[in-house]
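First chain written, first letter: the chains are A, B, C, D and E, and each begins at residue 1.
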Amino acid sequence: MEITEIYNKLKKVFGDGIGDLKTDLPAYPFFFADASKINAVSLFLRDEESLQFDNLSCLSGVDYDKDNLAVVYHIYSYALKHNIVVKCIVPKSAPVVQTVSDVWAAADWHEREAYDLIGINFEGHPDLRRILLSEDWEGHPLRKDYKVPEFYNGMKVPY
Amino acid sequence: MAELRTEELTINMGPQHPSTHGVLRLVLTLNGEIVTNVKPVLGYLHRCFEKHAEAMTYPQVIPYTDRMDYLNSMSNELAYVLAVEKLLGIEIPERVEYIRVIMAELQRIASHLVAIGTYGNDAGAFTPFLYCFMDREKVLELFEMVCGARLLYNYIWVGGLSHDITPEFITKTKEFIKYFRPRIKQVNNLLSYNKIFIERTANIGMLPQDVAVNAGVSGPTLRGSGVKYDLRKEDPYSIYNKFDFDVCVGTGEYGTVGDCWNRYIVRAYEMEQSLRIIEQALDSIPEGDVHSAVPKRVKPVAGESYVRTESPKGELGYYIISDGSLNPYRVKARSTSFCNLSVINQISRGHMIADVVMILGSFDIVLGCIDR
Amino acid sequence: MGILNKLDNTVEHFESGNIIITSMDKLLNWSRLSSMWQMFFGLACCAIEMMATSASHYDLDRFGIIPRPSPRHVDIILISGTVTLKMATRIKRLWDQMPEPKYVISMGSCSNCGGPYWEHGYNVLKGVDRVIPVDVYVPGCPPRPEALLEGLIKLQEKIRNQSLAKHTA
Amino acid sequence: MENIFTQWFGDNLLTYILIPVPIIAYVSVFALYAVLAERKISAWMQNRIGPNRTDKFGLLQTILDAVKLMQKELILPSRRDNLYFRMAPYIVFTAAFMGYAVLPFSSVFIGVDLNLGLFYFFAITSIGVVGVLMAGWASNNKYSLFGGMRTVAQIVSYEIPTALSAIVVVMLAGTLSMQKFALIQSGGIFNWYIFGGPGSPIKIIIIPIMVVSAVLLFLSTLAETNRTPFDLTEADSELVAGVHIEYSGMMFAMFFFAEYAQMFAVSGIVTTLFLGGWQSPFGELIPFLNTPVFQVFWFLAKGLSLVFVQIWLRWTLPRVRIDQLMTMCWKFFIPIALVNLFLIGLYIIFA
Amino acid sequence: MKAYFKHIYQAVSSIMIGMAITFKQMFHKSVTIQYPEQRLQLPERERNRLFVNMEDCIGCDQCAKACPVSCIDIETVKVVPGDVVGKTGVTSQGKKKALHVTNFTIDFAKCCYCQLCVFPCPTECIYMTDVFEFSTYKRSDLLYQFSDLTPETAAEKKKMLADFNVEQDKKKALAAEEAAKKSAEAKPAENKSETKKESDNTKES
């Protein structure tokens, strides 16, 4: 199924929960979704008979622009062999996105990683802890304005 | 016996442990020898790949992708380069595509050899490990002949390759194929069909299909569960649609589909298929210039691309956002081992410590890929 | 048991050059350099080359090196790969758990000084010598197995020149 | 037959001091060179070369290893159980060496020819398990505790098939004295108990039973020495180094040497019971080959080839899991041994 | 019962097969390369330690820019008229050298041997060799200086340039004074000191 079709279908069900569809940028079209509705959207994507998106390939946190963070979902269907890209934009001041880890188990660690490196809070995630960095690390390194600390646990960090 | 009070014991496995394949740490909660909970702790090899990628130009990222999953550098390069090429929208000469496929498949053999060898080592058999490394050394010789490095190649470039292959490489590769076929059988006889090994791995760590798909498990781990899904067939990238090969799945020859043995044996079978692909590619490789499509400056327009490839360990994806400058704005690697490992707690509960080692080994994880 | 611990006090009084001490030195050094048991421990890419070195083609066993999994049994630790800040404390601890005399080989660019990750690696320790003393630096990314062997021979050279009298053993 | 030292020096204290000397010398040399043999044989099996930098064949390698281990610092964990921690290596070491007391090296040389030699052997080798358990407990390390516990379960279980398959020979020979086992099997290779022992041609029917018994005895003693495929005490890939994990320097070396010493001890038992002990395979055909000095040669040759098989097995097979080890013992070894015993009993009654 | 014996049969047969394999391998020739005595013939494209042929280097800084890990540090001084770089002042291909390379260091402790620096070089003076045996006891020994100028000569050249610049400035001032009516062209490129520094934090800590 083409992304426009899927988009229209979703738009019909969720209305405002689904944002614009962008097709002009290379190399893939994508559309936006509301961060506070993404759980319901993904549940629909997974369970709807004609969509059957059973596989979340990738979930990436992105430092989107100056004021916003984004979560990008690359969703595939093993059964029907189609795919979509969904983005959720959240402001840096309140970076909260609904979790999809109850829909796709794959999202569990990916969300923890996005929390760790970008600093997006996933609402409803069962175990939102840092995954790659130490528990006592400060800051979220993949943000563009991140400053590398001078010392960590008594060890000098910069060269 | 009912009044016998037992206490759960927490054991720390790693980061320095012979069988965690690097620096993974597993916090095991045990009831006697039975594992009741496994908590993986990652990040002991977090080398900040994604941060580096943002500070480099596009071609400069390639050496870092090598180091991400150091057992299959070629596949990593290939995936990254495909993603960049998709952004650039350039045509690649046919010869380059052929060589890329040959390299990726040779790398698959090398990677699977390490997987099989270390799995044998996990089971306590050291000799198969060395046999596998002996054969792997032959593959590395081929790589070294072509690009001069043994492990981290920086061979596949955006739009081309760093070096063309030589006729000597083709003859040597053919020799290798001839040499390697019986060696697969030997390792299978020595290890795969050994009764003790089967007992150790069959019916251990069953991963049901639906759980596997839902958790994003991919590659031989997924196919071991009986899901016939291979990106080379389902979503062919590069020129994989030109070749004839089978997708191997676990059939439950011993044990049940989805257990460690089936996950393991898929790799042994896949090496054979890779040999087939290499043979076909070597026979039909066209002439051409490998540098003709290499752009002077890699400067894609603003946009984003996500390319997934079938690396030896599973689905390897690169998500690249470009803002139109020389450096990528964001590179996210969808690492295979990261997703594969996430099911470990689910499937190793109720097994023994020794089984956890075997289950971990059957995922064929690489910590560089998990932690990035 | 632990002869060196006991000898240490006695030997202090000897000047270097004493004939007994010298030949004793020779034997002890020779034994240390030809049976360097190695920590069965790998970090990253270089660990694969380390494994390749101990495999049949390069055969570390020729040098009397066998991998032992427990830090209590080993003489040398090969830091084979990137040391992250999260791992650094663990490496320090492993090093502390090893019995004297012990040696460290830093293998590859990453453990020498952070290697490719020295510039932007917020979680990378820039050189393992910031936490433990390194005896030999083997360059390469990753070093060829031969390069690692060459590093080991350099370390043997270093051990050969140690002496009880000089109090370095 | 008298012990040669008794013949030379009479039955006095000097004799009893002298008798252990060659045995201990042999055990020490054997333990050193078994390690080397293990490394060399494994190297050959893996198309490697093995130690060769000390001298051309690496003959000094293990000696240098030992010298190095002597130099190593002894680390005592701060929360150890001091007495047990220090005692354990000695117990393991001693137990492994005491088994040699009843091994008949030759018709004129045995440590002490006890009436209950075989029984003594089984008793004394199981003392080692106490040491292992002590080490596991006293190290205050979870891995070593696991190793210790596993060993106890393993060795206690494997005592049973060991004893049962040995009893097959005891029933046929009607003795427990090690020297007598060897003596009975005189007269060439076909009088060895693996081929049914001395007796009328009807013994052919028990040859399969004896072969199975011999294999069972070999495997279950192998399990008692804690070597791959039964090395669950150490289990590199699971328990790091098992009970040895906290031991450094010479204390570790003691465990190490005890393991290798035990390898020959159990091979000696299998040799004595099933392979004719020090008897020459040619029997009386070439009497020259059955003189006491050659008897030592035969005994060592047989024992060492079994040691080779142990090494060979180790470098071929993966390790079994603890519950499979137990299954193997209780569901396979013991029933088969019992059936063997029953059949031999029938044979003795009717033949 | 049948399964019971099947188990035993499988175990025994598979163990036998395995043991036969390892036994056969015992008589194969060993594949070990006995390193210090025996050496592999390394392939032509072998990528190990970098080498810079300073005769040909024109100090263009391309390699340093291409390096992903910034381990190459090049410092150049512009040649004053009348002075010659090296012996001849030209590379072997006949390109004119216009810069004294006063500092050309490669830190092999950082280098990732990726060969990205080799391709952009216009004179092919930087290349990878098959030398891999250069482990050291001190990390600072891994910092290789390729510049053929001694620190003294380098200082001298710098001084020469500085003097030249001062002279030029004087001349220009004079010219400006003299030819105020004329619009004399100043050469801004020459006014600046051409001293470059790739990064200032590469010094050993």
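Simple rule for what comes next: a residue touches a chain if its C-beta (ideal position, glycine included) is under 8 Å from a C-beta of that chain, and two chains touch if they have at least 3 such contacts.
Being a predicted model, the structure only gives us computed values, none of them experimental.
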{"item": "Chain closest to the assembly centre - both centres taken as Cα means", "value": "B"}
{"item": "Chain pair with the higher count of C-beta pairs in contact (B-D, A-C)", "value": "B-D"}
{"item": "Whole-Å gap between the CA centroids of chain D and chain E", "value": "60"}
{"item": "Length of the line joining the C-alpha centres of chain B and chain E, rounded to whole Å", "value": "32"}
{"item": "Centre-of-Cα separation between chain E and chain C, whole angstrom", "value": "28"}
{"item": "Length of the line joining the C-alpha centres of chain A and chain D, rounded to whole Å", "value": "62"}
{"item": "Interface hub residues of chain C, defined as touching at least two other chains", "value": "40, 56-57, 59, 62, 69, 86, 113-114, 116, 118-119, 122-123, 126, 141, 144"}
{"item": "Touching two or more other chains - residue numbers and ranges from chain D", "value": "43, 45-49, 52, 236, 240, 315-317"}
{"item": "In chain B, residues with contacts to at least two other chains", "value": "17-18, 43, 46, 48, 51, 63-64, 67, 127, 130-131, 134, 137, 152, 190-191, 194, 196, 371"}
{"item": "Residue ranges of chain D touching chain C (in the complex, touch as defined)", "value": "39, 43, 46-54, 58, 60-61, 64-65, 67-68, 70-75, 236, 240-241, 244-252"}
{"item": "Residues of chain A that touch chain B when the two form their complex", "value": "25-28, 30, 54-58, 60, 62-63, 72, 74, 78, 81, 85, 104-106, 108-110, 113, 117, 130-134, 141-142"}
{"item": "Partner chain E, residues of chain B touching it in the complex", "value": "56, 59-64, 66-67, 127, 131, 134, 137, 144-149, 152, 154, 162-163, 186, 189-191, 193-196"}
{"item": "Chain E-facing residues of chain C, complex", "value": "56-59, 62, 109, 112-116, 118-119, 126-127, 129, 134-141, 143-147, 149-151, 153-154, 158"}
{"item": "Complex contact set, residues of chain E against chain B", "value": "7, 10-11, 14-15, 17-18, 21-22, 25, 31, 42-43, 45-47, 66, 68, 112-116, 119, 128"}
